[in-house]
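Each of the next two complexes has chain A plus one more chain, namely chain B in the first and chain C in the second.
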Partner chain A sequence: MLAIAARRLVSMLLIMFVISVLLFLFFEGDKLNLAARVLGPYSPMTGRLAWLEHNGYNRPLMTRYLTWIYGFMRGDWNQSAQFDAPVFDFLLPRLKNTAILGACVFVLTVAISLVLGVFSGIAEASKRDRAITVISVLTTSVPEFASATFLVAIFVYWLDWLPGSSSFNNGFSWREMILPVATLVIYNFGYYTRMTRASMAEVMNSQYIRTAVLKGLPYRQVIIRHALRNALIAPFTVMILQLNYLLSGVVVTEVFFAYDGYGKALYDAAMFGDVYLILAGAMIAVVAAVVSQFISDVGYTQLNPRIRFS
Partner chain B sequence: MSDTEHKLIGTLKQQLAEKTIGRRDFLRFATLLGLGAPAAYEFANRIDGGIAPAAYADDLPKGGIIRIAQRVPKLDSPHTFSWIYDSNCVRQVCGYLTRTGADNITRPDLASSWEVSDDLKTWTFHMNPKATWHKGGAFTAEHAAWNIKHCLDPAVGSSVIGLMKGYMLKDVDTGKLDDKGAKVMSTELWDANAIEVKDPSTLVLHLQEPQVAVPEHFFHYPFLMLDPAENGVFAMGSNGTGSFEMTVLEVGRKCEFKRIADRPGQVDELHFVDLGDNPSAVAAALASKQVDGIFQGNIEQYDIYKGMAHTDIHSIVTAQTAVARMRSDSKPFDNPAVRKAVRLATDCEKTLQIAHKGVGSAAEHHHVAPVHPDYFKLPPMPRDVEGAKKLLADAGFKDGIDIEINCKPDPSWEQAAVEAMAEQWKEAGIRAKINVLPSNKFWEVWETVPFGFTEWTHRPLGFMVLALAYRTDVPWNESAYSNKEFDDLLTKAEGTVDVKARSEILGKLEKIMQEDGPIAQPLWRSVFAAYDKRVKGFNIHPTLYIFGEDLAIEKA
Partner chain C sequence: MARLKKFFAAVGLLRESPVGMIGVGLVLFWVVIALIVGFLPLRDPLAQSAGDLLKPALTLAKDGGHYWLGTDDRGRDILSRLFFGSRLVLFWSSLATIIAYSVGMLMGVTAGYRGGWWDEAISFIGNVFLAFPQMVLFIVILSQLGSDSPAGQWLARMGFSATWVKGTTIVLAVMFATAPQVARIVRGLVLDLKTRDYVAAAEVRGEGALYIMLVELLPNARGPLIVDACLRLGYVTIAIAALGFLGLGLPPPDPDWGKMIADVRGFGALAANAMIWPALAISSLVLGLNLMADGLREIALRD
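Right, the complex of A and B next:
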C-alpha cells in the first residue's frame, strides 16, 4: 500500500509541475494586459511598463518560476493582482466556503442516491423502479443554471421563502445555503442513483443471494447483511470521485448565487488573468483530483478483496 | 476677484428673456460661468415664473443602514479609476471640487464659487471655507492643486489627462523608444505656472486654449480630492472631506462606510455588497430584501424589477450608448461610402425595441444626444436599404461586403443590438460575422479591432464625446478618424459659450458624422436602478453616481 501511495505522490507532483509550467508560459504572453486590467484601460503604456517592473513581472521566466515554486512550498503564494491581497489569505476562506457547500451536497447526495438506488435496484422493472429512473434522468438532464433559475423563480420571487443570493454578508447563514445546495443535489443525485441501482440489481441476481433467500433468511436481512455491502462497492468509488467535481465543477452554481467559493474565485481570476491566483487554484485542483482518486482506488481494494493492485 | 459677473452671462440672460434659449440651458451655462445656482434660479424664475427645487432635508428619516448591491473592486488608486462603481465607493469619503447633478447643472462642492475671464482662458476657483478634513484642517487650494497635478502626471495614468490634455498639457518626447522602435511620447503642463495657488483659498488655472467646461471636468469620476500626505493611495483610515469614513473593505465582497457625527447626511451606515457579474443574483437579492437597492439594473430583468411590489424603479434618460465603430484605416471601411452604407442599412428604432425594450431613444449616428443642451436637430436619416446597396455598388462592392464585428456579452443588450443590426445589414448585402469576446478580452482590443461595438458613457455636453473620440490623434480615438474640417469646427465649438451659436456649429459636426463619420449608432439608452420603497432621497444620476449623504431609510 505504501508503495502505491508513494507512486501516486510522485505522479501528482509531476502533474503539478507540468501544469504550473504550462500556466506560467501561457500567462507570460498576457502580462501586459494584466497590467492594463489592474491599472485601468486608460493607463498609459509607460505606467503599465512601470507596474510590471515594480511587481517583478520583468524578471527572467526561470527566475520567476523558481521563486514562485520556492515560495509556494513555504506557504508564500504571492499576491493577487485583482483582489490586492496575498493569495493564500484570499483563497483560504473561499476554500472553506466551497468545502462547506461540498460537504452538504455530498452528504445529501449520498443519502438520497443510496436510498433511492437500493429501493429501485431490489425491485427491478417495477413501477417504483421506473418512476425513480425517470426522475433521475430528468433531473440530471436539466443543467444547473436552468434548475437554479427555476428554484429562484419559485422560492424567491413567487413564494418569497428563501433569500435570493448567498454571499454571507451577515456571517454564515443556513437559509442562504438551501438554494445552492438544492440546485447541486438535484443535478447530481440522478447519476449516483442509477449507478447504485445498476449495481444493486446485478448483486440481487447473483447465486449467493438466491441461496440466502432459499435458506429462509428474512428479506430485510438478506438485503442489509449480504447484498448491500457488495452492491455499494462500485457506487462508493464513484462517489468519492464526486469530491473532485464538488471542488471545481460547482462554479456555475457559485456564480449564479454569488456564493464566494473557490470556483467563483478561479473564474474571476481566469477572466482577469490574475496569474498567481490561477496557479495556486490549479495546484489545489490537481491535489484534490489526485487525492480523491487515490482514496477511491485504495478504498475499492479494501472493500473488494478480490481486487488487488498488481 | 471681480465683483462683476462674466460678460457672457449678460448675453445668456438676454437670450433667456428673448426665449432664444431654454431655461435649462440658461441654468447650465450660467452656473458653468460662475453664477451661483441660487442666483441663476432666481433670475430664471423671475423670467419664466418657475419654481426653484424645494429643500427637503428636514423631512427625511434619520439613522439606519442602507445596503446597495454594487461591484466592489480595488480602491487603492482613485485617480486611475476606470469604472463608475469604484468612484461610488471612494466618493462617500472624499469629495470633488464641483458636482454635476442629475439635471446636468454643475454646482459648487469643495469649490464654493468660480469665475472665468472673458477669453475663457483664466479660471479662478474659491475653496469652500467650511470644507474640512476628517483628521482636521481646512481644505485648501494647495490640496486642490496637488490633486490636479497628480491627475495630470503621466506616470499616474489617469483618464483626466485625456479630458484636459487640449488645454492643460503639451506633448513631450521622452527620448525613449518602445519595443517597436516608435518614440515613447509623454505629456507635461504646458506652462509651469498653469496651476497657480494664489492664496490658501484661491486656485487659478491658466489654460492654453479657451474651454467652457472646466467645472464639469472637475467632476469626472476619478477626480477625487485626496489628502496629499497619502500620495494618491486610498485605504482603510484614509483622510477625506466627505460625510463617511470607510470601516470595512473586502475587495470583491463588500465595502462599508460609517457616517461621521455632525457631517451632513441621514443614515448611520452605508454598505456596498458585491454580488459578482451575475445580474440574476442582484435581482434575487433585492427581491428577498437582502439589499435595499441596486447600482444598475440589467434591461433583461426590467420586467422582474417591475414585478417587485416593495421596490421603485428609478430611470433616467441619458447619453449612454454604444457605437458600431469602423476603423477608417482598415479595408473596406477606409471608403466613406461604405461607412455611410452601414449607417443607411441600420434600423435604429427597431434595434432599440429589440435590444433595449424601447427603454431609451433611437440615435442618429452622430453621437450627440437630444438631452445635450447643444444638440442640433437634423432632418431624420431613415433606413434606406436601396441607398445603401447603391453606395456599395458605386464603391465597387456590387455583391456586398463580408465583415466581422466584435462585441462583448456583458451587458447583454450590446450583443442583442449587434445581432439585430447584423440581420438588418444583411438586406443591404453587408454580411457581418459576429465575434463575441469575453469582457476582459474585449477591453484589451476595443481600440484596435477593425469593427467593434463600443459602449460610451453619458457626458453632460454634446461636444465632449466628439472631442474625446473623434478628434484627430486623441487617446480614445478608436476609429483613427481624422478630418481637418471636423477638428477645426470642434475647436470652434469648445470656445463658444453662446448655446445657440454652439448648437449650430454642432449641427455642422453632426452632418459630417452622418456623411463621413466612422460610426453607426443605433440607440441612446435610459438606465435604471431599483430601490426599496423605504429608501428616501435617492435621485438617479445619468452616470449612476451614488451620494450617500442624500440617502435616508425608513425603519423596516
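Right, the complex of A and C next:
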C-alpha cells in the first residue's frame, strides 16, 4: 500500500511538472496580449512593455519557471494579473465555495443514485427498473447549460420562486444554492444510478444470493446483509473517480449562475490569459484527480474482502 | 453491395430494441433536417428584423408568415436558426469525434500491442491530459488558439473562413481531451485480444506489427467500440455546445445551439422562449445518441 502511494506520488509530481511546463510554454506567446488586457485596449505600447518588465514577465523563461516552482512549493503562487491579488489568497475562498457546491452535489447525487440504483437492480426488467433506467438516460442526456436553462425558465421566470443568480451579493444563502446544485445533480445522478443498478443486478444473479434465498432467509435480510454490501463496492469506487469529471460540469454551472467558485475563476483566468492563476488551478486539479483516484483504489481494496485477505 | 446489406442487417437488429429505435428516430430527425434544410421554406437564419425582437412562439411575422418558435434578441427566426444550426452541430461534433477516435485507437492499439516503453510513454501522455478536467483543457486550448493567435492567423491566410479556423481548433481541443480516453479503452481490449490464436498465426506468418494492429486487432475490437463511439459522440456534442455557450465556440453569426442560449441570457424573463428551444434541440439530439448506444449495447449483450 505504501509502495502504491509512493508510486502514485511520483507519477503525480511528474504529471504536475509536465503540465506546468506545457502551460508555461503555451501562454508564453500571449504575454503582450495579457499586458494589453490588463492595461486596456488603448494603452500605449511603451506602457505595455513597461508593465511586462515591471512584473517580471520579461525574465528568461527558465528563470521564471524555476522561480515559480520554488515559490509554488512555499505557498507563494505569484500574482494574478487579472485580479491584481496573490493567486493563493484569491483562490482559497473560491475553492471553499466550490467545495461547498461539490459536497452538496456529491452527497445528494450519491444518495439518490444509490436508492434508485438498488431499487432498479433488485428486480431487473421490471416496470420500476424500466422507468428508472429511462429517467436516468433522459437526465444524463441534458447537458448542464440546458438543464440550467430549463430550471431557470421554470423556477425563476415562470414561478418566480428562486433567484436565477448565485453570486451571493447579500452573503451566503441556501436559496441561491438550490439551482446550481439541482443542475449538477440532475446531470450526474443518471450515470451513478446505472452503475449501481448494473452492480446490484449482477449480485442478485449470483450464486450466494440464490443460496441465501433457498436457505429460507427473509428477503429483506438477503438484500440488506448479503446483496447490498457486495453491490456497493463497484459504484463507490466509480463515484469517487468521477469527482474529476464533476469538475467539468462545475465550470459551466458556475459560469451560468455567476457562482464565484474555482470553476468560474479558471474560466475567467483562461479567457484573460492569466497564466499564474491557470497554473495554480491546474495543479490543484491534478492533485484532486490523483488523490481521488488513490482513495478510490484504496477504498476498493479495503471494501473487497477477496482482495483484502489475499 | 454486401456492405450495404450488412448495414441494413445491423439496423434491422436494432429494430428489436424499442428504446434503440426511438434513439435512431431522434438522431435521424436531425440528420434529415441537416440534409434538407436548404430546401425547406425557412427564413434566412442570419436575417435580422429590428421590429421583431424576442417574440414568443407562433407570432405572426410582418411578411405574413409565422415565427413558429419565436425570434431571438436580433429578431432572427429561431426555427430556421435551429435547423441551420443542426448542420454545424452534426458536422463539427462528428468530425471531432472521428478524428479523436482515430488518434485514440492508434494510441491504444500501439500501447496495447507493443507494450513496454511504448505503453509507458503513451499511457503517461494520456494521463497528463486526463489529469485536467476536460472543460478546463478545452478552455485553456481554445482561449489561446483563437483566430488572433499565430496558428489562427496562419489558417486565415491559407484562405480558411472564421468558422473553419475556430472549428479546426475545436476539433484539436476535443482530440486532446478525448483521444486518451479512447486509447485507454482500446488498450484494455487489445491486451485481451493479443493473446488470441489468430494474432499468433499472423505473427508466425511474418506479418508486420502495423498489419497486425490495423488488420487483426482493431477490427476485432469493434463491437464495444461502436457502442462507446455512440456515447462519445453524445459527449462531444455536449462539450462543443457547452463551448458555444461559454463563448468559445463557432464565431458569430453562426447559429450554434450553445451560443443561441448565451446570446439571449441577459434579457431575463423576456428571453425564456428563446432560451428553451436550443436547449431542447441539443437535449433531444444527445438523448437520441444515448438511446441508440443503449439499444446497441442491449443487442450486443444478447448474442
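Simple rule for what comes next: the second predicted complex is superposed on the first by the 302 of 310 C-alpha atoms of A that agree within 3 Å, B and C clash if a C-alpha of one lies under 4 Å from a C-alpha of the other, contacts with A are read in each partner's own complex, and residues count from 1 in each chain.
In this section, contacts are C-beta pairs under 8 Å (C-beta built on N, C-alpha and C of every residue); 3 or more make two chains touch, one makes a residue touch a chain.
Not measured: the values here are computed from a predicted model.
K.L.:
For the overlay on chain A, clash or fit between chain B and chain C?
P.N.:
Aligned through their shared chain, the two binders clash on chain A.
K.L.:
Thinking of the overlay built on chain A, is A:258 touched by chain B (first), by chain C (second), by both, or by neither?
P.N.:
first
K.L.:
Applying the touch criterion given at the start, work out whether A:157 contacts chain B, chain C, both or neither, answering first, second, both or neither.
P.N.:
Both partners, chain B and chain C.
K.L.:
Using the touch definition from the top, say if A:71 reaches chain B (first), chain C (second), both or neither.
P.N.:
It touches nothing on chain B or chain C.
K.L.:
Considering only touches as defined above, state whether A:149 meets chain B (first), chain C (second), both or neither.
P.N.:
In the superposed model, A:149 contacts both chain B and chain C.
K.L.:
Mind working out whether A:23 is in touch with chain B, chain C, both or neither, as first, second, both or neither?
P.N.:
It touches chain C, and chain B stays clear.
K.L.:
Examine A:167 and indicate which partner it touches, taking first as chain B and second as chain C; both and neither are also allowed.
P.N.:
first
K.L.:
Go through the superposed model and pick first if A:271 touches only chain B, second if only chain C, both, or neither.
P.N.:
Both partners, chain B and chain C.
K.L.:
Report for A:44: first if it touches chain B alone, second if chain C alone, otherwise both or neither.
P.N.:
first
K.L.:
Given the superposition on chain A, which partner contacts more residues in chain A: chain B or chain C?
P.N.:
C
K.L.:
Is A:83 touching anything from chain B or chain C once the two structures are fitted on A? First, second, both or neither.
P.N.:
Only chain B is touched by A:83; chain C is not.
K.L.:
Just to be sure I follow: which residues of chain A are touched by chain B in one complex and then by chain C in the other one?
P.N.:
33, 149, 152, 156-157, 164, 255-256, 271, 273
K.L.:
Show me the residue ranges of chain A that touch chain B in the complex, using the header's touch definition.
P.N.:
Counting only chain A, the residues touching chain B are 33, 36-48, 50, 82-85, 149, 152, 156-157, 160, 162-165, 167, 169, 255-258, 260, 264, 268, 271-273.
K.L.:
Inside the complex, what are the residues of chain A that reach chain C?
P.N.:
Touch list, chain A to chain C: 11, 14-15, 18-19, 22-23, 26-27, 29-30, 33, 134, 137-138, 140-147, 149-150, 152-153, 156-158, 164, 244-245, 247-252, 255-256, 263, 266-267, 270-271, 273, 278, 281-282, 285-286, 289-290.
K.L.:
Which of the residues in chain B end up touching chain A in this complex?
P.N.:
Result: residues 67, 74, 76-77, 80-82, 154-159, 161-162, 174, 178, 184, 186, 251-254, 271, 273-278, 280-288, 290, 304, 307, 438-440, 443-444, 446, 475-476 of chain B touch chain A.
K.L.:
Mind pulling up the chain C residues that touch chain A in the complex?
P.N.:
Interface residues on chain C, with respect to chain A: 19, 124, 127-128, 130-136, 139-140, 143-144, 148-150, 234, 238, 241-242, 245-247, 258, 261, 268-269, 272, 275-276, 279-280, 282-283, 286-287, 289-291, 294.
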